[in-house]
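Okay, so chain A shows up in both of these, paired with chain B first and chain C after.
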Partner chain A sequence: MLNVRNEWMKLIRKRSAIALLVISGLLPLVAGPIINVLQNRFSFTAFDGESFPLVMLSLAVSFYLPLLLALAISDVFSGEQEQKTLSFLLVRPISRMKIFKSKTISTGLYLLALLLIICISSILSGAIWLENFTVHGLFLAVVSFMLSWIPLMALGLLFMFLVQWIGSGSRALTFSIILYLAMMVVNFLFPGLARWLPTYDTNWYQRWINSGLNTLVMGRCLYLLSWCAMFYTLGYYKFSKKEF
Partner chain B sequence: MKKILEVQNVTKRFKNGRGIEGINLTVNQGEVFGLLGPNGVGKTTLMKCIVALCQPDSGSIFIHGHNVKEQFEQALKSVGTLISGVEAIDYLTGYENLLLISRLYPEIETGRIEKVLEWVGMEEHKNEKLKSFSTGMRQRLYLAAALLAKPSFVILDEPTNGLDIEGKLDFQHLISRLAKEEGVTFILSTHLIEEVERLCDRVAILSKGKIIGEATKNELEKNKTFESFYIDCIKKRKEVG
Partner chain C sequence: MNTKILSAVGISGLLMAGGVLSASASASGYDLFKTSVKKTQHVNSFTANVQASLKDNDTVIYSVNSLNKENLKADSGSSTVSVINNGQKSNVEFYNNNQQSVVKSSKDNKYYVKQEREKKWDDSKKKHEEESFSAQKQKDIEAIFDALTKNYQDSVTSKQLPNGNTQLELDLSKNEIPAVGQAVMSFFLKNLDQQTGEKVHEGFGPLQFADLKPSIPQLVKNISVSRVDLKGEVNPDQYLTGQKADVYVSGTDASGKEHNLVLHISSNLDNLNKTNASTIDLNGKTVVKVQDRHDGHED
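Then we have the complex of A and B:
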């Protein structure tokens, strides 16, 4: 656990990481008043205080967060390899297993921080600018945001495994984005095949909200955990064999 | 004398045919061991194999009796490293970069970072970001990083690259002091004969990935200079190969 603080420091001290955290928090704060003005002007109610955080979450998990996750992972592995900074800690008395684990944990924490910031700002924005903000809505939003961490992390672990073959941060990011877009296309065109991919579950919080913890949700939960375990192991294996 | 580093028949070949072949060497406690050779003969490859940045195709490496491949953490526990081409984090300050390392050594006492920064003459620049550092300043910081954890054995790969004359002299004084006063063992790779001559108790000559000669300072002082020893080794190598 000693190195988690190091990896977190390296990740969070980048200007881009701070900027993206701030932008993530600002987006719902800006979207709230715009929606309020539009709804008042054209006299319609598409979003209320209860549904607004879930709408923001849906947008975030489908478009925004996978890209930020890909960016963080590309930086943490391929970017550091390209800048030759990865070896700075590899030549100290810490095993590669501990380094890989601490990089995974810090990426997971960064994702959690992004989800929390979007969650808080969208709840605040919904409560201030939109009608019908309820405690039930608040509870639903918090649970949904937290649940979204698991499928996104499963996607992140797939990126983490694949970028081990790429020695450049920008190429790793491009590859991850193309891969994500390809998975989204598969989701759309081949729903049967899509069930094998983590992108199938990025908005699985809706299943939890609609039907609670049933057999199907439990099955998907187990599938995602197995996916995480498999790609974490494969990612570590590849990382441990890398030469610098 | 206690063996600190043992390299046993290590071979590492890259796809382009370069690398090292059948390297055997031992570094004893309290020694300053020099690895001398021109650029591109495999000095950094050997250093990288010693700290497991590269995996040898064959052979074994032991530090303090621990196999580097199997007992990495124990082997590197009291080892300081400065490997050519390994970079610190650009957007952090010099102090923060050392802080990253110090967190991996819970036994380091408060104030140690300031102390090593003072040794290498970088205390005034500790709060500046690395991206504003010159090559020489970076090299001084990397030396501070290597000495941070009070190592009993220090691996230095081309440590004076980018240093000015003053920096080189400061470095040589520091290494001599640590070796004599604190009994720190060093392995030092360089292409500069004068550096080996000033600092090393024993030297091995590396050419085309192989060790082609080895001698102690005492042996050389009786017969010839480091320079003539080096030239003889190269000549013999040419005659053989």
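Then we have the complex of A and C:
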């Protein structure tokens, strides 16, 4: 698609992006043997080959991935504005709608790539280092990682909308992180309000595993998808009306 | 803002609200559980029938059956416990009030009596006061509990029983059990031998309970909790009258033999706020007086 390839290259060819992708792959590979040694020394089995990828995923979705997502989004929008490279893009004969769409798609692809890398490396690490690795566990891990893309993308679209007001990459990143932390606090302190935020669903794969497709999961699906639609629309609107 | 954008935002906002509201309506089983726990906390007296059994590869290796009468207001209680350990049956009776504790075992016909000291009575009174939290503290604890269990709340199923009670059930398979639970259970099972070694002196004066300890197979590898099934029964007055837990653990021992352990615990509450503890008349019985040990760690 028009400009998606362009945006994807800009995102992925950065030295920091390559470093982060490599680190994402290495972390589970290193964590596996460490957990193995610890478990043998203190003789307990908290994580086996079956649950290890899910544990890695729960850590990734609650801290690591929102951070990386915020970083990517602040680069794609505010960072480019700061470096004044966005103007070059805007003078090309592409509509703002297409530019916004391509930026969103490449961010989504980047998130998917991160999830895939962590998924593969934690499955490998679990299979090599930890006992009790099963096909059932492998299946659960792959499905859970893919499901996690949706709530994270909902969070990403909220960031995308809000960073339109910020003209500097570092400020956009700081703002996104603080916003995310605030949402996490709300999640714990005000359970009534938390239902209205996508952070309520960051580890919703657990809910899929626990109860399958029931009314609650369907409701949350509808909520997340309409959240995405709403902030995609609002983000595009703000982006299209913005003067550079 | 043009109409297209406005209508897109409006429609998605409506759908969002619909999603949230339809999702929050289904957590009623969990809410009933919370209400009943809060209500049952304030019970003054009860009769509890507690049963527990441990199966190893479908053979019962240990079972306990006890009938406990507790009156918290009068600080008195009595219980009869029967234990079947590897086919051997033994009975123990306990009676306690705020002056003394009496223990009778089926091994002999002596009654072991320990006088409660003034200080301990004060301590337990203080402890009891601490246990009843302030309203604010209770609310905070509830909020944290809600946040921690949010992924399990909608898995609680409720069913109407023919006797008018409501049955709540939470059935967790292996991947739904949090890693902490797995860690604690496997740590406990792997270190069983050290624990029993330390606690061998446990008893009531000259009366030793060492032979009542279950002999659980020593697991060393592949320990995992494969299933936890929790059930609760709430009566029409919203008291939590029945609780049941089945914990399935599997693992292999040092010789490579696979064990499937099933721990079953059930407790039924009865005669809420109407229970009086049984008392024992020590006249004409052989009584052995038991002293607290004075070497720093009594009891």
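Here is the rule we use: the second predicted complex is superposed on the first by the 244 of 244 C-alpha atoms of A that agree within 3 Å, B and C clash if a C-alpha of one lies under 4 Å from a C-alpha of the other, contacts with A are read in each partner's own complex, and residues count from 1 in each chain.
Definition applied: contacts are C-beta pairs under 8 Å (C-beta built on N, C-alpha and C of every residue); 3 or more make two chains touch, one makes a residue touch a chain.
Given the structure is predicted, the values throughout are model-derived calculations rather than measurements.
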Return fit or clash for chain B versus chain C, each positioned on chain A through the superposition. fit
Chosen between chain B and chain C, the partner touching more chain A residues is C
Touching partner for A:177 - first (chain B), second (chain C), both, neither: neither
May I ask you to decide whether A:112 touches chain B, chain C, both, or neither, giving the answer as first, second, both or neither? neither
Chain A-centred angle between chain C and chain B, computed on Cα centres after superposition, in steps of 10 °: 160
Should A:67 be classified as contacting the first partner (chain B), the second (chain C), both, or neither? neither
Going by the contact rule set out at the top, does A:244 touch chain B (first), chain C (second), both, or neither? first
Just to be sure I read the superposition right, which of the two partners does A:146 touch: chain B = first, chain C = second, or both, or neither? neither
For A:84, using the defined touch cut-off, is the partner it touches chain B, chain C, both, or neither? Pick first, second, both or neither. first
Which holds for A:124: it touches chain B only (first), chain C only (second), both, or neither? neither
Taking the superposition as given, tell me the minimum C-alpha spacing from chain B to chain C, whole angstrom. 14
Could you list, by residue number, the parts of chain C that touch chain A in their complex? 1, 5, 8-9, 11-16, 18-27, 143-144, 146-147, 150-152, 154-155, 172, 174-176, 179-180, 182-184, 186-187, 190-191, 221-224
Using the touch definition up top, name the residues of chain B that touch chain A in the complex. 48, 51-55, 72-77, 79, 81, 83, 85-92, 96-97, 100-101, 103-106
Which of the residues in chain A end up touching chain B in this complex? 2-3, 5-6, 9-10, 13-15, 83-85, 87-96, 241, 243-244
In the complex, chain A touches chain C at residues 42-48, 50-51, 54-55, 131-132, 137, 140, 187-191, 194-196, 200, 203-204, 206-207, 209-211, 214-227, 229-230, 233-234, 237
